[in-house]
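A, B, C and D label the chains in the order they appear, each numbered from 1.
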């Protein structure tokens, strides 16, 4: 067995593999396919202060090698998470990355504080980049907090002030240079960045002449976007000191290795779980095989080791 | 037969279908599969003042439902184009969109002028968004002219001053809000915009731990990016008065209809020709079928008619 | 527990224009599966199509399952090209089965078009587990699209046919046929088909004061409760959510729990 | 003229570990194809893999072609699962064939590993069109990977074997075997295999002062000259370009035109 353990900005994980927020719910369902405590961490669906009903259906479109979603952050809310969901993850012995979403820095701070105080997360991932909700209108042309470095700083500081847990900031690929908000997050004290969230996209049904999603616009995920994600991880790795959790179309260990070589310390399996519910654990196994095959003792030796 | 004719900012086309620059060379090769003069127009590979050798191989990576390329604008140069390539297209009776690339507004102006004077193009498409060459470094974080609205204006004005032909400006999806450079082009007198060029991406071979492309970074094209392209066409259509040529993963008439409904007046078939050399003409046929099936007399009635 | 397994195609045949029956060797899944549940099929190897396709169990045998499907789009078109001996990845069983209630005296299965698919296995279960024989209303656009008639008759079910064009059976909507059957208060309807047909069936059942179990459809990504893509709006909260998951909380719902005005 | 046609699989068999022969009914393509040209295969329907795979013609029959291939990655793995009777889309013939020159007195075909693939059809063409019988050097890592030996012997070719591990024939590089054959000035070598093997063969031929025709490989998107993805650097300009297209200007090149120092 190779040593796959990583430390992501203070969060110790027995292996680098977690899951994309919103693609694993709160863990229960996929625990029927494999022991989810064997993952490096479980990242929760974005949690908000109040439960959210999300967008009207249809919320999904399949696209070539990917999908668009406009779930709209349907979630049980922090209260129900603490009561009904976290205990399961804790009993299983999972490492938990609590992904949070709010409408203001205060919301995020409050969510981080409650997760921390309840011991219901081991790290915080702040979703500043959900394309499917438009509560936080920002500068001209920008609709996402993560598109505006100054806002990234403001939000990051607020969260950092509210918790001692490691804080990761989740960034958007809908941008010219992702290194800018990443550096902003670093400056503001973030312990890591997570990327990428989905690319904005639209699917139209030519027969009905209507957009397929009730929300019109959705977020594109899956293997289709993997090359974009690897590039953005590489862009960030060149300039950041804090670690990166890379995601975007990871379905197997070879995909994950692309992210690690590009500079990611952690990797998340997202949409690919939908087609293969045990994809995340297969990535863990595959990374171990890779290390053994290449005589790599510690996987950390390979982080950013693109030649 | 439905009426498929469109007028794109002064360029009359018998149908809305052209090809992605760089995916059809100068027309000769695919003319062996179908009569290319039946297309609305043929868009040439980007032409530069001097011949360009392009990047070192490997220049291609296949990706899920798409590909990365880093050709680096290898082309015969304007001289050889006028001498060896344009006559073939003219003899065939093709409508020609001459795509041009230069290092300065002056280069673009000169190229447009020479194409115009030689009668070797019926419209100019200015590639301000090639991700594979880095001659034109711009503002911080930006590497492409099309990422900087002020530069888009400067380049567009220079080209417009040099030719009476319709001028289309080709934009990049590597941006927060594509409507900004599009509006800038419109303000500067562009007769249309063409979008999207490729998304930046990287492919890594985990076994060798090396990037697959000699250039490391390449441009992602193909059906993988189609939802992103449709979204960007829609974003532009909402604010522009000038017409749009839409492209990004179009492989059949149904794909093309997504762009037309989102607001594109013209559509271009790019990478999909590689897997199906007659894809572009199949799109023409399919659009006609679509119109007949839906009792649409003039295809123009459907432009931007998303419900 | 649901699982993912690679299953050999034992038989594959066209049963009506664009409608196929696929019989898969799937012992573990067959053993767990109940009528009303479904599976997610990987149409072909690789990433195209990207998502699995949800299909319910037409029949559940000892070691195998059968799927009755209609060619709708690209995925089912590719599926129709598969041949005996090839393998296909199947994830299942998923979702909640039809509840079987021995207090019910009259079971009426109402299937519209390909919506008949879950009912052969349900009829079998009602016969074997409740000892009664259900009645079946098979509705379709036209005669050639009426599916499974022989199957139901062989099981001893009374079969009522309805077509939109009157080419077979009565020219009426399935819901109207149901009303005509005068189901008493101890009857129960089970329906599956296009949304408008299910809504109409729900309305009729409300009028008649009987329970209607509807097997809903929705676009699915995971088929397993995690993505929240397949939700429908409920009148109540299920696991603290009002937008309930067709794949996990359903696909079978008591129709009175669904907010039909959203459809 | 190249074309795209849907071809039925007439036979498909494993000929060595991970090596297969695929025989396709492709009358129009077979009629046009010449040794050294290639085709682009759509591995399976739909968008995965996205690009076609280039494969040269092992044999060209009246109505059919055969492909000899090695499972390299995902595309060829999926290909290996195809079965007789299924269809596959074939685009071809593409590229320039091996030139056949009647002044040449001794034809020596040098194939490394799966690089032997274009040579059975070339041997046939040399025999039938030039009336002489070529010699063949078959090189491979180990004995079980030596391909087509019987085919060549049946055509009457002298066959020389070379393996890296000495398990069959001589333990030597193909290029060295070529040198040992002492080809006179009127000999010509044809080679196909991994780049280092072709480069070494080119070097030997330069030493010997004979022409070497190399069939190159490169990643391809279009296979047809339009994308400029498959270029290699030449010492001369072809159609005004120095970066020449393996798919269109080749795949067969006089090895002296290639800038081998780039490899």
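What we mean here is this: contacts are C-beta pairs under 8 Å (C-beta built on N, C-alpha and C of every residue); 3 or more make two chains touch, one makes a residue touch a chain.
Keep in mind the model is a prediction, meaning the values are calculated, not measured.
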Required minimum of steps from chain C to chain D, each step between chains that touch: 1
Reference chain D; chain at largest CA-centroid distance: C
Selected interface, A-C versus B-C, where C-beta contact pairs are more numerous: A-C
Computed distance of Cα centres, chain D from chain A, in Å: 47
Distance between chain centroids, defined by C-alpha means - chain B, chain D (Å): 35
Of all residues in chain C, the ones touching two or more other chains: 47-49
Touching two or more other chains - residue numbers and ranges from chain A: 61, 63-66, 222-223
Topology of the chain contact graph, where touching chains are joined (line, ring, star, complete, other): complete
Chain A partner contacts - residues on chain D that touch it in the complex: 47-48
Chain B contact footprint on chain A (complex, rising order): 61, 63-66, 68, 141-142, 147, 174-177, 179-180, 199-204, 206, 208-211, 217-218, 220, 222-228, 230-231, 234, 249, 254, 257-258, 261-262, 290, 302, 305-307
Parts of chain B lying in touch with chain C, wherever the complex brings them together: 64-65
Chain D residues within the chain B interface of the complex: 1-4, 42, 47-52, 91, 218-233, 239-243, 248, 262
Contact footprint of chain C on chain A as seen in their complex: 22-25, 29-30, 32-33, 45, 51, 53-54, 56-67, 69, 71, 74, 76, 80, 84, 222-223, 271, 273-278
